Amino acid sequence: MNDCSILIICCEKMKETVERASLENSAVLALPCLGRIDEAVILRAFRKGADAVIVAGCVEGNCKYNSGNYQARRCVNEVRDILEEIGISGERLEILNLSPNQAVDLVNLFENMKEVVLRLGHPDILGAER
Amino acid sequence: MILIVGGGKSSEIAAEEVIRQGAVPLRLVLPEETFSFLPDVETVKGRLLSFTGVQGNFQAEIEIDREVKKFNVGAAVIAVDETPKVSDTDCITLSSILENNYLKCSGTIVILLDAKKPSRASHIVAVEKAIEIKDNNPDCRIYIITPEVRTFGLDELEYCKAQKKGIIFIRAEDIKHSSGKMKVTDSPSGKVLDITPDLVITDEEQEVKNAALWAKAFSINLYEDGHFRLGNVSRGPVTSMRNGVFLCGTASRALLPREMDTSARAAATRAVTASQTPLMLNSAEVDEEKCASCMTCVRVCLFHAPSINEKGKSEICRDLCQSCGLCVNLCPASAISFKGVSRIELRNAVDDVLRCLHE
Amino acid sequence: MSHLKDVLESGKFAVTAEISPPKSASCETIRKKAAMLKDCVDAVNLTDNQTAIVRISSFASSLACLQEGVEPILQMTCRDRNRIAMQSDVLGASAFGIHNVMCLSGDHQSFGNQKEAKNVYDVDSIQQLMIFNKMRLEGQVWGGDELKEKPELFLGAAANPFADPFEFRVQRLAKKIAAGADFIQTQAVFDIERFREFMSSVCDRGLDKKVHILAGVMPLKSYNMAEHMKNNVSGITLPDGMISRMKSAADPKEEGLAICNETIEEIKKIKGVHGVHIMAISWESVVPRIIEDADLRD
Amino acid sequence: MIIAERKPISEIISIIGNNKKILIAGCRSCASVCMAGGDREVATLSEALGLYSDLNSLGWEISEISKERQCEKEWAREIAEEASSADVILSLGCGVGVQFIQEVSGIPVFPGLNTSNMGGPEEQGIYLEKCGGCGDCTLHLTGGICPIARCSKSMLNGPCGGSQNGKCEINPDTQCAWDAIYQNLKRLNCLEMLSEIIPPKNWIPSRSGGPRKIIRKEMVLSEDEKKIKEGLE
């Protein structure tokens, strides 16, 4: 079951780090700043077949626009509550604050996120392209 | 052309560096401010009314003795320095020694360093001056009383040299100073010392005059203690929160004399390069039909870009918008957007990115 | 008409106690407790669903108390009754010989066991006094309709010298007196300093001449009762000294009674206090002993 | 403004029951300002319900619409017409909006929000009740702070015995309205206002006097004007 698909949402600055980590079986969605993510984007990702979503942004305080990663954390917490209410485990969604040269943290999180997906299996979503 | 604000030392170095980089500096000083004359730098006394436009193409409106002139500048450097607060007590201050030299005084001299907001260099200046006074007349007695001796890095050698020359440092918190007599308790040992000084020199509090005035004109923020807020770490050391506006001088960060020099030159260099690389960010736009005038965008944007216009709807100033998309996310009526991050575009982006993952 | 009224007006140092009606349809416990307090207190408060917990009504408890030969003080909160129910209950009480009525704002229902109930608060305690005062003086219900027979009432109210804003508390007491309060029972006194300060400003304004003030005292039974009082009973300030005494006491009950005794001694010295109100919640049996120790009965 | 809060999603799901085609209707006035029912919240709810439907293969069809206000018959009618093919309409407007749409809609209209009170933002994201809508405003007597709405016991001669360091007895982070009134009158130095007793309030104009109808006489069209108007429609 290596076909688990994980979406990584990151900001402009992180894009290069995420690509350098070249994680297989993952898709990358880059936005001008993490502050742009709203709940609908993450919920849409799950709806379209993502087994897990990692939100990767700069360390809090380093965001070029100052509030990007704070807002992303608030959004992730809100989505986790909604997922729990709907019946999807909140462990499938994680936010990670790292500095551009710390790709290793992303790889580690990616690995144990895979284990989470292995343990929990696919959220059998009818509409998702499989 | 580069606009340089401020009349102090930092602005001189910045202007000099701008010329060295081959650009033309325009120095702006407030009418009531004093400034040091620089031969080949045009200095203007006036009030900055507005600073619009983007990096590489700013328009500065300056009111010079009741006549409003427009200047087109590529970038700006705010090189304002802290000035000592005029203290009401009549004793001699550190800065006054620098001007009219008291080097020839004798007897017991006490240098008291306990101002709440001293300039970062006050301790080193005090130690250097003490050594000079001691060299001039070796038989005078000098005490330096301070809760903590703040000489950094190489200046520790000065501190050591001063002690070798017999300058006595007392680390004291409670100092009673009345009618010519001083009672000082040395904190580490607790012993009380009685000193009758012939001359008392103190260091003064520093303040940034008119910081709010400049911040408003340039739409940049201040720290709580009134200094100019630096841009975020990822923007670089001498940046402000606005592209194309750079900060140096002690009004943004407490600096040692050497650091003032490097920070002024750095700001000038960045300003010259910025003026030659115009920045075209596509700013967010508001669909006035949908706007509920709920002020969320005004409240969340740290760059003061959105404001409510006279029609009661939100309007985003193109010059200040960093196109980060925070307001696009939080606008409850989804009235704000710009190319690439609208709700539909983002929804399709998620669909595409996941579809090609599954192929 | 009201024994408590006669005692207070005769200048004697009045003593009142408090019985909390049980959560049951029988008032046996009230009768037993009333019997205990029979000849050592001037009157007994019957609380009205205290802390918004459903108990047998104050009216019924007062009747049972009266039948045992102890003068009741009927308590009526603004939480559960609008002005219609209040005025009709007061008429009933007076008809059955219950003349002492105490007007209270009442604890918010979120404290009790009916948290989802809708509260009333049609009027507040001061407006309640105004309404009852008009009934007993002019023989009219609020709005002017005549009553065939006027109720005879001796009106009481509460005052909390330990609540904020402290400097406004005396002025609020003045408002209650203007509205018609005859006697006042204060919140339990633990912080004697603040109570002394309160009483001195009461006397400065000559209010002690216009109303009978009874100082509330509450014997502490245990350390965690003291902690409970300090943290989650609103409007009570407990000095830390007292709490540590309770904590380190070998026999907390004795220590509590000792503290209560000391407080009463201090209160007796304060000018303007016309009596003591002993709130020994679910410890009514100790009241005679408290009165004994502080020789309140001459 | 009217302050409302979205119902928990699990409750919305149980309200929808086994209806299949759902139109979510947003409102761009108060519900948007308090971040409960604007376009953004409609999009979030739509994705969430879509995800739930996919998860349990219920095959829901969710469509979205947003109007300037739901509490106008014209816009309510437009929403109802948009829902021609839907089974139910889930309105994210306040309670007023739900009822306006239901009046003109042939299919059931369910509330997506819990409408709470009239107030405003204390800061971004925190909304406080300010007005109780009692129909007989006496703010001039209480230093511009309304005890009917902001005192837990709606007292007119407060504070009660439970007010301590400016907080209400029922909840440490609820401000005691009467403490605020006292401080405010002190600041405006008209503390003497607090010495007069406010008599029992006339509650007739309030909700307890029955549902209220406010009429602006000079704005009501005459019968024949209405006929002419209807003729045009």
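A, B, C and D label the chains in the order they appear, each numbered from 1.
Just so we're on the same page, a residue touches a chain if its C-beta (ideal position, glycine included) is under 8 Å from a C-beta of that chain, and two chains touch if they have at least 3 such contacts.
Not measured: the values here are computed from a predicted model.
S.K.: Where the contacts of chain C and chain D overlap, which chains show up?
M.R.: none
S.K.: By C-alpha centroid distance to the whole-protein centroid, which chain wins?
M.R.: Here the chain at the core of the arrangement is D.
S.K.: So using the touch definition from the top, which pair is joined by more C-beta contacts, B-D or A-B?
M.R.: A-B
S.K.: Distance-wise, how many Å sit between the C-alpha centres of chain B and chain C, to the nearest whole number?
M.R.: Whole-Å distance between the two chain centres: 64.
S.K.: Using the average of all C-alpha atoms in each chain as its centre, how far is it in Å between chain B and chain D?
M.R.: 47
S.K.: From the C-alpha centre of chain A to that of chain C, how far is it in Å?
M.R.: Result: the chain centres lie 62 Å from each other.
S.K.: Take the average of all CA coordinates in chain A, do the same for chain B, and state the distance between these two points in whole angstrom.
M.R.: Taking the average C-alpha coordinate of chain A and of chain B, the gap between them is 39 Å.
S.K.: Multi-chain contacts in chain C: which residues touch at least two other chains?
M.R.: None at all.
S.K.: Enumerate the residues of chain D that touch no fewer than two other chains.
M.R.: 40, 43
S.K.: Residue numbers in chain B touching 2 or more other chains?
M.R.: Residue numbers touching two or more other chains: 300, 329-330, 343.
S.K.: Provide the full list of chain pairs in touch.
M.R.: A-B, A-D, B-D, C-D
S.K.: If we count contacts the way the header does, which residues on chain D are in touch with chain C in the complex?
M.R.: Per the stated touch rule, the residues are 152-166, 169-171, 176, 179, 182-183, 194-195, 197-201, 203.
S.K.: Write out the stretch or stretches of chain A touching chain D in their complex.
M.R.: These residues of chain A touch chain D: 38-40, 43-44, 46-47, 82, 85-88, 123-128.
S.K.: Could you list, by residue number, the parts of chain D that touch chain A in their complex?
M.R.: Touching chain A from chain D are residues 8-10, 40, 43-44, 46-48, 50-52, 54-57, 59.
S.K.: What residues of chain A sit close enough to touch chain B in their complex?
M.R.: It comes out as residues 5, 7, 13, 25-29, 31-33, 35-38, 40-41, 44-45, 48-50, 58, 61-68, 71, 75, 128-130.
S.K.: In their complex, what parts of chain D are in touch with chain B?
M.R.: Interface residues on chain D, with respect to chain B: 28-29, 32-33, 35, 38-41, 43, 66, 124.
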